[in-house]
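Note that the chains take the letters A, B and C in the order they are written out, and that residue 1 is the start of every chain.
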Amino acid sequence: MMQEIGVVARKRRATVPVRWYMTLGVVAALVLLPRVITTPYYLHLLILVLLYVGLSSAWNLTGGFAGQLSLGHAGFFGIGAYASTLLFLNFGLSPWIGMVVGMLLAVVAGAAIGYPCFRLRGPFFALATLAFGEVLRVVSISWRDLTQGSNGLSIPFKPGFANMMWHGKEMFFYVILVYALVAVGIVWQIERSRLGYYLIALKEDDSAARMLGIDTTRCKLYAMLISAALTAVGGVFYAQYVGFIEPYSVFDVNQSVQFALISIIGGLGTVLGPVLGAFIMIPLSEMLRAAFGGAARGFHLVLYGLILMAVVMIVPQGLALEVKDRYKRWWMARQSAISRRKGQADAV
Amino acid sequence: MDLMLGQVLISGILLGGIYALISMGLTLIFGVTRIVNFAHGEFMMLSMFAASVLSQQYGLDPYVAVIPIAALAFLAGAATQRIIIQPLLNASHASQIFVTMGLSITLMNVALMVWGADFQSVRTPYEAVVLPLGPWSVGVPRLVTFLVAVAMMVGLMLFLNRTYMGKAITAVSQDRMAALLMGIDVNRVYVVAFGIGIACVGVAGAVLTPIYSVFPTVGQYFALTAYVVVVLGGFGSMVGAMVGGMSIGVVEALSGYFISPGLKEAVYLLIFIAVLVIRPSGLFGIVGAEEMGVK
Amino acid sequence: MLFEVKGITRTFGGLAAVRDVSFRIEPGEIVGLIGPNGAGKTTLFNVVTGFLPPTRGEVEFEGQRISGLLPDRVCQRGIGRTFQVVKPFGNMTTLQNTMVGTFFQDADPRRAKRAAEELLEFLGLAHRREALAKNLTIADRKRLELARALGTKPKLLLLDEVMAGLNPAEVADLLGLLREIRTRGTTLFVIEHIMAAIMAISDRILVLHNGGLIAHGPPRQVADDQAVIDAYLGERYLIA
């Protein structure tokens, strides 16, 4: 991603605005989408896609940029969901404020699990965070007085902006669209900043990074805290949208896996990766379920698992980088073809 | 009170034997390849189904079915390593972890497709037999499981220490690069280790069918616990798996008794995190390897 | 006095890789460190820059104790270092690699970029600024390592075999650059095996053998030292 910006900026200054126009175009199209797509099912699908764009982008900060593969981000997701829901149910506190509380709690949890565990390498960090998420799940099931245990919590439907609830899906769509844009925007901003450079550096070579004055633990911590906070926000929106939360869905390992999976398929450590991944994987699993769900129980998931394995084995660096590579190669080839033709024309 | 506590301890130790049996294959695989295999539980689940099917179709006792199941499991493990994991040995951790996750999803849902979600049970004539041990009692299937775990531990230790392949496996566990330089065919070692590891979990699956019901997601239930045991005991160490397994079994039993049955998982998970932070090499493992990844 | 090493010892189990080494480095000097393979030179660097804690002894920089500090803290005090086996950030470009260094002085990406571009000009790498570091030649990688370390504007720069693998023309170029770096105000502490280079550039040379300092002085004196000849040089080394 970064060398692409460099190449584009150096080659033709006029090209940079094109990228901006493209992004603006996409955003405008998304904003207008609910006008075009009125079927609730498709709108629901889009909302899910955008929600996961946000959640996976958040995960990508820790997993892709800092290189710490977390399988416990569902913990932050659930903290956000439960914090805002409990405050709303017990004190009538607006979920917008509950969101801030959820973010703070997630940040504390993120520091607590991250700080001691950052020096653990790949699979060990993954296991530690997995355990973290599971502990939260077990505790939330057990602490019935607080959370109603596995019965879950239902949010009574009281529409209004302060309550973060609306009739229909349109308003949710816009709110979650903003969430996705903010999340992607934050990641994009970090990538170009010193923190972004430092994160990529320490992921490449920890010793070399340290010798350049980088406090690698502190950088990873920052990434983790921002990641945790953003994930918790996603949890709040999820709770309000679905209207019901329970330990098995918000603190689920599979939820953590989903955040990671989307980023990995799309491309770790890239801004576009989670976006691409979400736009591909969510509709894909829905399509599979729609097409094969009736055939034999679990068949669509067998296909899903096989596709996942195939993608990871064939395109391990993620689809975003693969697409970018091919685009660059096509562009370079086109450039040399143009200059060759020009040379021939000049010769004549 | 003492009587109750004693019984709790005994069931904890026996539970530990179960955990140890499941984890021994995993510690071997993890010790050699350093890949977190998320499909480990699913291989166990499949061998449980195999035992169940053999029992229903041919009346084969699970303790006898162990042998063909172990052989099949070995082949399955070797194939998995060769076809799925080997191409990714130099890829990122993320890729390795996620390919096994994909495998886990696939296997679980294949089982769902073939056998449905209903619980199956294997009935044996001795499953309810209880042997007296002083004032306490010990269930026969659990006792057999415990003994099989011990036998597996001894068998694996002999294999690792006395045979060429075993020593090669140990060498690769300690330093892959050095082993390569010594002329060891590392890829072949990985395939054999994976095969043996899955064979072990295949044995575990078959032996556990008199105790646990069989259903497609049963593997998930044990998978995380197996990792806790492997880390606590120190990956690569068979004795570690035994001691780690028994420790977790006892901790779980005692937490269930003293604190609350709902929180016993949380207790050993917190211990797990503590071990990872304080002494990631576990009780008997190679110190330092966990921070450097695969050498 | 800029840099003082007092009785540094580092043991691994029973083996003393570095044994009771003491010396000083004054500002503006170029000090060379030579010795046979396994003498403990890189270990000494690792101890002094915080990658390994000393078993005994202390290191002081500008009058303050730095032994026991982690590498990033050591860098923050004003010490930079290159590695014997170069460690480029492979998937970043030459420019981005250098920026990781210059970000130390200034968090603003534009200014960091400008400073990085100046450094690349200085080191003759500007023409490769968009190349991915993993695609650079070994000579360019060494220069990149140097550029990156210089980005932090260190007062003292430790160079570990920065000339290894270079041909004589490249060595001569690099020597010129090092002299320029010293002129611009950075003190240099250099491990090197290429005798011609180290003898030509150093004000003083330290000789390490089996972990201990066996000689210490101006190049000519060290070249004539019998202990050094026995341990390392092999025959009387003629300085042109």
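Basically, a residue touches a chain if its C-beta (ideal position, glycine included) is under 8 Å from a C-beta of that chain, and two chains touch if they have at least 3 such contacts.
Treat the numbers as computed from the prediction; the structure is a model and nothing was measured.
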Query raised in the report: If each chain is a node and each touching pair an edge, is that a line, ring, star, complete or other?
Result: line
Query - Nearest-to-centre chain - CA centroid comparison - result: A
Query - Maximum centroid distance from chain B, chain identifier (CA atoms) - result: C
Report summary line: Busiest interface, counting C-beta pairs, is A-B
**Report entry** Centroid distance [mean C-alpha coordinates] between chain B and chain A, Å
**Finding:** 33
Query raised in the report: If you average the CA atoms of chain B and of chain C, how far apart do the two points sit, in angstrom?
Result: 49
**Report entry** Centre distance in Å when chain A and chain C are each reduced to the mean of their C-alpha atoms
**Finding:** 42
Report task. Under the touch definition given earlier, write down the residues of chain A that touch chain B in their complex. Result -> 63, 69, 113, 116-117, 119-124, 126-128, 130-132, 134-135, 138-139, 141-142, 257, 260-261, 264, 268, 296-299, 301-302, 304-309, 312-313, 316
Query raised in the report: Which part of chain C faces chain A closely enough to touch in the complex?
Result: 49, 51, 70-72, 75-76, 80-81, 83, 87-93, 95-96, 99-101, 103-104, 107, 109, 112, 130, 132, 148-149, 151-152
Query raised in the report: What does chain A use to touch chain C in their complex?
Result: 2-3, 6-7, 10, 192-194, 197-198, 200-201, 204-205, 207-216
Report task. Can you check the complex and tell me which residues of chain B touch chain A? Result -> 34-36, 84, 87-88, 91-95, 97-99, 101-113, 116-117, 216, 224, 227-228, 231, 260, 262-263, 265-266, 269-270, 272-273, 276-277, 280, 290-293
